[in-house]
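There's a structure below that I have some questions on.
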Amino acid sequence: MITAIGVDIGSLTTKAVVLDDKKIVSWAVLRSSEKTEFSARTAIEQSLQKIGLDFKIGLNIVATGLGSKTVTFSRSKSLTACLARGSNSLFPQARMAIDMGAESSTVIRINERGRVTDWQSQDKCAAGTGIFLEQMAKLIGVSMSEMDELSFQAKSPPEITNTCAVFAESEVISHIHRVPATSKEDIVAGIYRSILGRIISMCKRAGIQREVMATGGVALNKGIISVLSKELGFEILVPENPQLAAALGAAIIARETAGEKA
Amino acid sequence: MTDTTIISPNNLPEIEYFHSINRAFPGNSEIMDFKAQGKKVFGWLCTYVPEELIVAAGALPVRITGYGRETDLDDGNAYLYINNCSFSRSCFQRGLRGDYSFLDGVVGGSTCDGARRLFDVWRRYINTPFYQVLTVPRKTTDDAQALYLSQVISFKQNLEEFLGFEITEQNLLNAVELCNETRGLLKKLYELRKRLETPITGAQTLEILTASFRMPKASFNAKLKHLLVALENSPVTYKGRARLMLVGSVMDNPEFLQSIEETGGLVVTDELCTSTRYWSDPVIINNGEPVINAIAHRYLSNFPCARMYPSEERFDRIMALCRDFKVDGVISQIIRYCVPYAHDVPLLNDKMKAAKIPLLNLDVEYGSSGSGQIRTRVQAFLEMMEAHKK
Amino acid sequence: MTTNNKLSSIVQSCRVIRKMSQPGPYQKSDELYYQNLSTYYTRLLKARENGGFIAAHTVFFPAEILYAMDIVPMHTEMTTWLMALFLGEQAELLSAGAEVGLAAEICSPHRGLAGAFTRGYLPHPDVMLWSNLICDNTAKSGELVMKLCNCPGFFLDHPFQHNNEEVSYLVNELKSMVRFLEEKSGHKMNWDKLSEIVARTNQQLALTNEINELRKLVPSPFAAQGFLKLLLADYLFPGQPEAIAYLQQLRDELKDIVREKNLNPSLEKHRLMTLFIPPIYMTSYLDRLYLKYGAVSVVEPMFTKWTKAEFNPSQALKSVAEKSYVIPESHVMYGPLNENVIKYVVDSARDYQVQGAVFWAFLGCRHACATIKIFKDALNEAGIPMLAVDCDIVDPTVNPEEEIGEKLERFFELLDEL
Amino acid sequence: MIVAGIDIGSRSAKAVILKDKEIVSSVIRDTGAESIKTGYQAIDTALRAAGLSLSDLKYTIATGYGRVLVPFANENISEITCHARGVNWYFPSVRTILDIGGQDCKAINCDGSGAVTNFVMNDKCAGGTGRFLEMIADVLNVPLSEIGELALTSQTATSFNTVCAVFAKSDAIRYFRQGVKKSDILAGLNDAIAARCLSLLKRVTIEKDFAITGGIAKNSGMVYKLTEKVGMTPLLSPDPQLIGAIGAALFANDRIECNKAVLSPKVNYGYSDGTGVYYISIDANKCDACNACVNVCPEALFAISSENGKDAAVIKPEMRKKISQMCPGSGNCRKNIDKNCQSVCKNNAISHSW
C-alpha cells in the first residue's frame, strides 16, 4: 500500500515518485506546463495510474522545486533538502551530490543522515545547465544524444571562456566559422568542459567530499559524466534515474513527516 | 588600405628564444638552470616590489603572472570569488596548482585590492617558504618615501635572515647596475619604435618584455643586445594604418597585441606595468646616499600605476608618450574589476578629448587574445581615425 | 551650484517614521536614531545659509577631525543611499553614474554617489576628503568627485599594516589634512575640542563593547538586525554626544530587557554571525524573515565588534589615527588577513554561541568577497556552517528579494536539521 | 557599375547588390553553421534575383560578425562604419544611430558625411539584443515578428529588474507561470531593453536626428518605447536590417570610383546548382605561385597562370565547369588525404564554398 508521494517541479520537466513502506512503486516524468499546480497534479496522476490508482485530495504528498509552495494539495520542502535525502537513499556513501538540472545546477554536501551541511547553487546563469546544452546542440545542428556521442571522439577541445550563455553561443559559432573550423567533436568537448568548469568551481567552494554522485536530467548524459570524472580525477556515482533524486527525496520526507499539516 | 595586416614574422632568433622562454614559463630552462645551481628563486608581483634586493641576495626574481590566456578559473573563482580581477584569480590558480612550487619565496605589495587578497589567500592555501607583503603608500611625499624605505629595509633584513646571507652595499650596487642596464636596453628598444617605420611590432615587443622578468637579467641583457643590433638595420619594417598606444591594466599576452595589429594598427608604445612602467626610470644614486634609499625612491616614484595619487602624474606621462611616439590613437584596455584603472576612465576620457587624441575603451579579461568583438571595435576605431584624416 | 538638492527628503522621511514609531522595547533608542539622522541632515541642509563649510568624505573616514574644526561633514556613501532609499531613486542614481562613465564593475554605492553629485542631488561640498581605507573604490572616488563638483580635495593615505612607522605616517597625513582644511575653510583646528572628542570616543567604545557583551547572552536582548542602527552612531557622529546618547539609551534598553526577561526567548532559534552587511533596501523584508525563523544576528566581526583599546586624549591626533585601526572594518577587512584575523572571527563565533554565519557577498566589494573562502573554511572547521548570499547592498535590481529570501530559508532549514 | 555589400551577422546574413548606386537586389537569410557557405548562398540568391553572377561584381565588401570569412569579398569593413554610411545614404541628417543586432547593441555618432565620430558597443552581456528577444519570444511562444505588436496592446507592463538574457528569461518564465499576460511581459521587457539602450546612447552624445537600425527596428513595440525614452522619433529606413550591407556596398562603389580597389581581387571558380554552391576562391594577392596546390591536388584541378595579371594559381579552364564532380570539398578531401590544397597553402589563399 502506498505511503507517500514526492513531486519535483522543474522548469523543464516535473517528476513524481510513489513509495510504499520501503521502495519506489511507481514514477512519472512529464514536461512542465505553464501552471505549476497542474504540472504537479498530472505527474502524480500519471504515476498513480501506472499502478491503477487515482489521485485524491488528502494523499501524503511533499512537493519541491519551482513554485512548490503554491501547490495546494501538498506540503513543500526545499530542493536541497529533498536532493540530499534522495541522494542519500540511492547512495548512502555519497557525501556530495552534483545536481544538473534544466535551468539550474546545485552542489550539496550531505552528512551520513542525508542532511545538507552546505550547498552552492547557480540558478541565475543558464551556462552550465541542460537548457544551455540543448541550445548548443541546436547550434551545432545535432541531437543531444549525438552530441554526447561526439564528445567521446574529441581530440583537442577549445576553451569556451564566456560565462554569458549568449556569448558562449557566439564563441561556439566563431569556432565553427574559423578556418580551419574546429571539429564538432572538439567543440562539444569544449562546451562540456566549460559547463563543468563552473560546476567544479561550485564543488570547490563547498569543498569536495567523496563519494560524489550526480543527479538531475543532465546526468543522463554519459559524456558529461565521463568528462566530470576526468576533471575531478575519480569516478562519479550515477543512479539509474538521476532525474528522480529530488522527487524521491520529497517522497521520503513525506513518508517521515506523514500527518504533518501542509 | 584594410589589407595592411601586420603579422609578426618572429623570424629573429632572439625573439624566437624569448618566445620559447615565455611559452615554457614558469618551468623554462633559464629558471630551472638557475635553480639547479642550488640558488633561490623569488616570485614578485607588481612593479612596487624592488627586484634589486632579490638580485643583490644572489637570488632570481621572477614575476608572478597568470595563464597568458583566458581560461576556466574554477580554483580562482572558488578562492578569490568571481569578482576579483581575472589576473589575481589566474595567478592564484597557477600557484594552487603547483606551477610555482619551485619558488622559495613570494613578495608583494599592498598595491590594490586584487593584489592584497591574492597574497592573503596565497599565504593561507599555498605554502611558499618566504612570504612578505610590503606596505606601499599611495603618495610620493617625503613621509611616504620614508615609510616605503622602512618597508624595503625590512624586506632586506627578512631576506638576509631567510638566506643567512648579508646583502652588502656592493651587492646592491651591482644589482642596481644590472637592472639599470636592462632598463637602458629596453629604452633603446623603445627608441626604435619612435621611427615612422618601426623594425618591430607591439606584439614582438611584449614578447621581449615578458621574457625580461622570466629569466636572469644578465642572460636577458646579452640576448637583447644582439637583438638591438639586428633590429638597428633590419630590412623588415612596419608601418600600420595608425600608430597606437596601449594603456590600462596588466597585460602580458602578445597575442592580444597581435590581434590588434592584424587589424592594421601598429602598437608603438604603451603605459603597461609589464612594459613602459616596468623599465622606465632607472635607479639614480645621488652621491653619499645609501643605495637602498635610491632603490626605494625609484620604486615609489616611478611611472605611477592608477593606484597612486594624484592621477594627474599618470595622465601627464601618457600625454608625453603620445607626443614622443607620434601616437594617432590610444587604446585603453581594462580588466574587469580592475577598479583603480576603471575609476580613471572618465578622467582619462576628458584628458584625451581635450588633447584631441582618439581613445578607444575596451574592457577585457586577463589573458584575452582578442575576441571578435574586440577586433570589431579596434577596426571601427581605425576606420574612424582614417575617415577623419581625410 | 545645482538646485535640485534632495537632502530634505531624508529629514522629512525621518519625521514621518518617527511619527509612526510603535511602542516597543527599543522605542526610545529608535526615536533617538531618527532624531540623530535629522539633526545630521538638517545641519547639512542649513550649512549653506549658516555660512557653514561642508566637507564631503568617504566611508570609515576620521570625521572626528571635522567636528573638532567645526566643519560640516557629509558622509557621501551613507547620504547618497539613505536618500536613494527614501526617494526610491536607486536606478536613477546608478544610471547617472554610468553616464559619468563608471563601469558596472565599480561598486554600486560609488557609482551612485558620482551620480548623486552630477545630478546635483547632493549639495556640492567645499572640499572632498577621501581615503584608501576601505578599498580601491574609496581610494579612487575622490578625484572624480573633485572634478564633478569642481572643488579642492585631500586624499588621506591610510597605511596597510599596524606598526609604529605606519601609525606615525597616518598621524602626519592627518596633520597635513588639518593644514589643508585650515587653509581652505579658514577654520582653526580646536585641539581642546579634539581631545574632548577622543575622550568621548573612549566612552563610545566602552558602550559599544558593553552592548556587545549583552548580545552574548542567550537569548540576545537585541533586535534581529538591530546592529544596522548601531553602525550609524560611528559613521555620522564619531565621538559626538549624539552617538553617546544613542548608545547609552540602547544599552539601558537592552539591560531592562535582560532584567525583565520581557523578550520571549522562544523567538530566538538561530543565533547568527553576520559577515559584511545585508542589502539596505531589504531591511524590513529581512526583519520579517528573521522573525519568522527566530533568526537573530548576535555578532558582526567585520562591523560592530570593536577591539578593546584606550585612547589618550592628550595625544588627540595619534588617538584618531589609532582609532581607525581599532574599528573592525579596518583590521578585519582592510589590513593583512592573517591568522589573528581568522582567529578573531572564529572566536567571535564561539564567544557569541552562533549556530551559523551569513556572509553577504556584495559583488561590488571585491576584497570582502575574497575572504569568503577563508572564513568559510575556518568556520566550518569549527563546526559552523556559513551561507554566502550573492547580493548588491544598494541596487534592488540585481537579485529579487524572494530569491535572496529563498536562500536564507534553505539555510535556516539546514540549521534546523543539523 | 555593379558592386555588392554583404553583412554576415551572428544571427542573419544580408547581401545587397548595387547597380550604379541603385539597389537592384537584396537578400536576408539566417546565418548557417558554416558562414563561408552562408556568404556564398546569400550573394548567390541576390545575384540570381538580379540575373547576375559573381563575375559581374566589380567589387565586394564584407562586413558584420563573419566579415573576414567571405572568400569572394575584396575587403572587409567593420559593421559600425558600414551602418553609419548606410544610414547616411537614407538620412544625411542623422547624427545618432542605435543599432541592435543579433547579439550586440551599438550606439554610434556620425557626421554629415556618414563618417563615425564616436561609438560604444555593449560588453560581455547580450541583454537587450536580437538574440535576447528571440529567446523571450521562444519562451512565450510568440513569433518574433509579432512580439512588437503584442507588446503595444499591454495595459500594465510587468517591471523587469534585469535585462540579462538569461536572468530575464527565467523571470519571464516565472511571470508566465504566474499567469501574467504575454503582452505585459513583453512590454516590461521592451521597457527594460529601451532603458538599457538609452544608457548606451548616453555614453555617446544624443543629438538630432536619431535612427534605429537592425532587426529590432521592425519591432513596433521597441520603437515605441525607444521613442518615449530617447524623446526623439527615430528615422527608420525601408529595411533597417539591410543598412550594414548597403553601407558596405556603398564603400565598394567608392573603391571603384576613386579607384582605391585592392588590386587583382579574389577570383571565384565554379557555379551553384540545385545541389549546392560550389566555388573555389583563390586570392591572387596572397598566392605566391608556389605550386604547392598544383602538386598536391589528387584531381589536378590547379595550374599556375598569369591570366589575372600576375602569376598565381588558377583552376584549369576545363575543370571549371565540373568542379563539384572533381572536388569533394576541402573538408571531405582532408578525410581521405592528410594534405590538400588548403592545408599546403601557407598564405591561406585558397578557400572552398563547400
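Order of writing sets the labels: A, B, C and D. Residues in every chain begin at 1.
In this text, a contact is a pair of C-beta atoms (placed from the backbone, for glycine too) under 8 Å apart; a residue touches a chain by one contact, two chains touch by 3 or more.
Since the model is a prediction, treat every value here as computed from it, not as a measurement.
Between B-D and B-C, more contacting C-beta pairs join the chains of B-C.
Chain A and chain C have Cα centroids separated by 41 Å.
Chain centres here are Cα averages; for chain B and chain C they lie 37 Å apart. Centres computed as Cα averages put chain A at a distance of 45 Å from chain B. Counting partners per residue, chain B has 78-79, 336, 363, 372 as the residues that reach two or more other chains. Within chain C, residues 101, 373 each touch two or more of the remaining chains. For chain A, the set of residues touching two or more other chains reads 123-124, 170, 205. Chain contacts here are complete: no pair of chains fails to touch.
If you check the complex, the residues on chain B that touch chain C are 78-85, 110, 112-114, 116-117, 120-121, 123-124, 133, 135-139, 141, 143-144, 146-147, 150, 306-307, 309-311, 334, 336-340, 342-347, 349-350, 363. If you check the complex, the residues on chain C that touch chain B are 100-103, 105-107, 132, 135-137, 139-141, 143-144, 147, 155, 157, 159-161, 165-166, 169, 172-173, 176, 336-338, 361, 363-367, 369-374.
Residues 1-3, 336, 363, 372-373, 376-377, 379-380, 383-384, 387-388 of chain B touch chain D in their complex.
Interface residues of chain D, counted against chain B in their complex, comprise 65, 75-81, 104, 113, 115-119, 121, 123-124, 260, 262, 285.
Within the complex formed with chain C, the chain A residues making contact are 78, 80-81, 111, 115-119, 121, 123-124, 205, 207.
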